[in-house]
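Reviewing the structure listed below.
Naming follows writing order (A, B, C and D), and every chain is counted from residue 1.
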Amino acid sequence: MVNILLVSHSVEIAEGTKELAEQMKQGEVEIAAVGGTEAGELGTNPDAIKSAVNEIDKSDGLIILADLGSAVMSVNMVLDWLDDEVRAKIQLADAPFVEGAVIAAVESGMGNSMEEILSSIESAEIIKKN
Amino acid sequence: MVNILLVSHSVEIAEGTKELAEQMKQGEVEIAAVGGTEAGELGTNPDAIKSAVNEIDKSDGLIILADLGSAVMSVNMVLDWLDDEVRAKIQLADAPFVEGAVIAAVESGMGNSMEEILSSIESAEIIKKN
Amino acid sequence: MTEKSKEILDKLADVIIENKKHLTKLDSAIGDGDHGINMARGFKEVKEKINGNNYETNQELLKSVAMTLISTVGGASGPLYGTAFLYISKVIPDADFTIDSLIEIGQSAVDGIQKRGKAEQGEKTMLDAIIPAVDALKESKENGDDLEEALQKCKVKAEEGMKATIPMQATKGRASYLGERSIGHQDPGATSSYLMIKTIVDELYKYKD
Amino acid sequence: MTEKSKEILDKLADVIIENKKHLTKLDSAIGDGDHGINMARGFKEVKEKINGNNYETNQELLKSVAMTLISTVGGASGPLYGTAFLYISKVIPDADFTIDSLIEIGQSAVDGIQKRGKAEQGEKTMLDAIIPAVDALKESKENGDDLEEALQKCKVKAEEGMKATIPMQATKGRASYLGERSIGHQDPGATSSYLMIKTIVDELYKYKD
């Protein structure tokens, strides 16, 4: 199954989104959450992102969701450090953080492929609320 | 200034997003956050939403961001209970929760109108991360 | 005047609470696995609320049920059932129920749910149990069925409607996130709606003479 | 061999730490008000790290600075400056600096920052202080300026570049959220970059004979 890594500037947003997405998952989808700086402030911690990327199972693919630009920058840096083979398993999604996490959890649980999940969560439709 | 109300299924997501958005605000933008059920579980609490809507200053407009469908339903119910005059000051945004909150906080702080802010946060561009 | 309605609501609450696990299990398959928890929490509060208060009219009683559900359920079913009971409170008579008043009550529930959820029949929601039940009452009125017969048909149609959600694909609510994978599962909301209709019918039966 | 570089970096860290409030204030106007906090935290760690360790080569020293910044800064400037120092570490010689090696160092910083942030000159970022400084060195090389002259011009151009961010509209980073309202404010990252360049130049001056 495609696993999911959530990278937010806020540990609360990261953990809360993990909890919300896990409620919807079927099967063995793994969801990891990283948020805030080492000191617990708002920001990103590349070391923590690196550990999370290393620890999570990437064999069927890994989708990373990041909240804002500097989280994206930290994630991309960590991804650049990986071997090409591992790197090829991972995609950083152009998707809204909370909404993307929930839909990705549902679709991964259904056994959808990385491409199928990305096409759902990267669609403009996902931000419609009514 | 246009104020902002965040309604999430998760108190952590609501509070974390408030903190993240407040970091970016200039001036007197008010940001309120409501999350979870009364019992602290994932869900929505219409009474808490109602109190938050009543308490926040709506004179220059109020934008509400909700995370998922049932939060939207709870918000719409609360809005239906309001007088037309108050109701007219409020818009529930078709926008991503975290990303929309940050941009709305910035733009409201700049003195942008409700329509200007909504057109920014309801644009598909907002979910692009790279 | 409200004693009979209170008894029916109390029984209805018991049935929902008894089915907590069943409803939650159904919601685990195509949702977030909390429908039974939500509904049992809400109806536990309803029991306490109505048994601890006196109401002059059924309208007051039903409004109190509605507000309690809205405040305590926590899921989509809170605003949905809450608005249904709120709409019912506006039409419910204090006199004994007739086919006509039951139709009006049923239709109000449907209107309330549609006001909140904007769903139609066939979208795999609670409406798929309730709309057929209300339609059955309307048909019975046209056919000139007596109340007993009408209630019986109403319950059967609600159950059929609930089961008919199994092959449906959800297009509203969390189950819609599953797309085609929502097919093959019975909708939790349609199930709680059937349980409520069944209980109301069975209770009205008791008083039928 | 690394003592001179260590001293320069130690001084550079001091300057950043001294300017914590100034940088934070600039970031409050067009960002989230943490650039000084981020940079001071990072360079405090850099001081501890480099003063508590021995390095065989400037390459090792600079790599250590880079990794410390990446781990501790917490904002966009962490990956950006971190990658800059990482790229510098790949080209920095252990011999005394020449105009040629300074150009290579400066160009590596630019390359690293662009690799991470994909910004061009004129987008109101740290690059708007650094690129003119590197360009000045390149011009000095063409003109045949001596090192002293080249360093002096480099510092002047960095300062001009920093000030030139005031009328710019930000199109990268958090300040870009402000659109036109980012105009009229000096970029915090360009300011920290100028401070670093100034410090390096002043320190190199000390050793010039």
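One rule holds for everything that comes next: contacts are C-beta pairs under 8 Å (C-beta built on N, C-alpha and C of every residue); 3 or more make two chains touch, one makes a residue touch a chain.
Note that the structure is a prediction, hence the values are computed from the model and not measured.
Measuring centre to centre with C-alpha atoms, which chain is farthest from subunit B?
Ranked by distance of C-alpha centres from subunit B, the top chain is D.
So which one's got more C-beta contacts, B-D or A-D?
A-D
Centroid of subunit C to centroid of subunit D, CA atoms only: how many Å?
Chain centroid spacing, subunit C to subunit D, equals 66 Å.
Report the inter-chain centroid distance for subunit A and subunit C in whole angstrom, where each centroid is the mean of the CA atoms.
Distance between chain centres, rounded to whole Å: 39 Å.
Rounded to the nearest whole Å, what is the centre-to-centre distance of subunit A and subunit D, using the mean of the C-alpha atoms as each centre?
31
Considering subunit C alone, which of its residues make contact with at least two other chains?
Answer for subunit C, listing residues that touch two or more other chains: 32, 34, 174.
Where in subunit A do residues touch two or more other chains at once?
23, 42, 68-69, 102, in rising order.
Determine which chains touch and list them pairwise.
Result of the pairwise touch check is A-B, A-C, A-D, B-C, B-D.
Over in the complex, which subunit B residues touch subunit A? Could you list them?
8-17, 19-20, 23, 35, 42, 66-69, 72, 76, 92-100, 102, 122, 124, 126-130
Sort out for me which residues of subunit A touch subunit D in the complex.
37-39, 41-47, 68-70, 73-74, 76-77, 80
In the complex of these two chains, what residues of subunit C are touching subunit A?
Subunit C reaches subunit A through residues 29, 31-34, 174, 177-179, 181.
Please output the residues of subunit C touching subunit B within their complex, sorted ascending.
Residue positions touching the partner: 32, 34, 38, 41, 70-76, 78-80, 82-83, 115-117, 173-174.
Can you list the subunit B residues touching subunit D in their complex?
23-24, 26, 102-103, 106-107, 110
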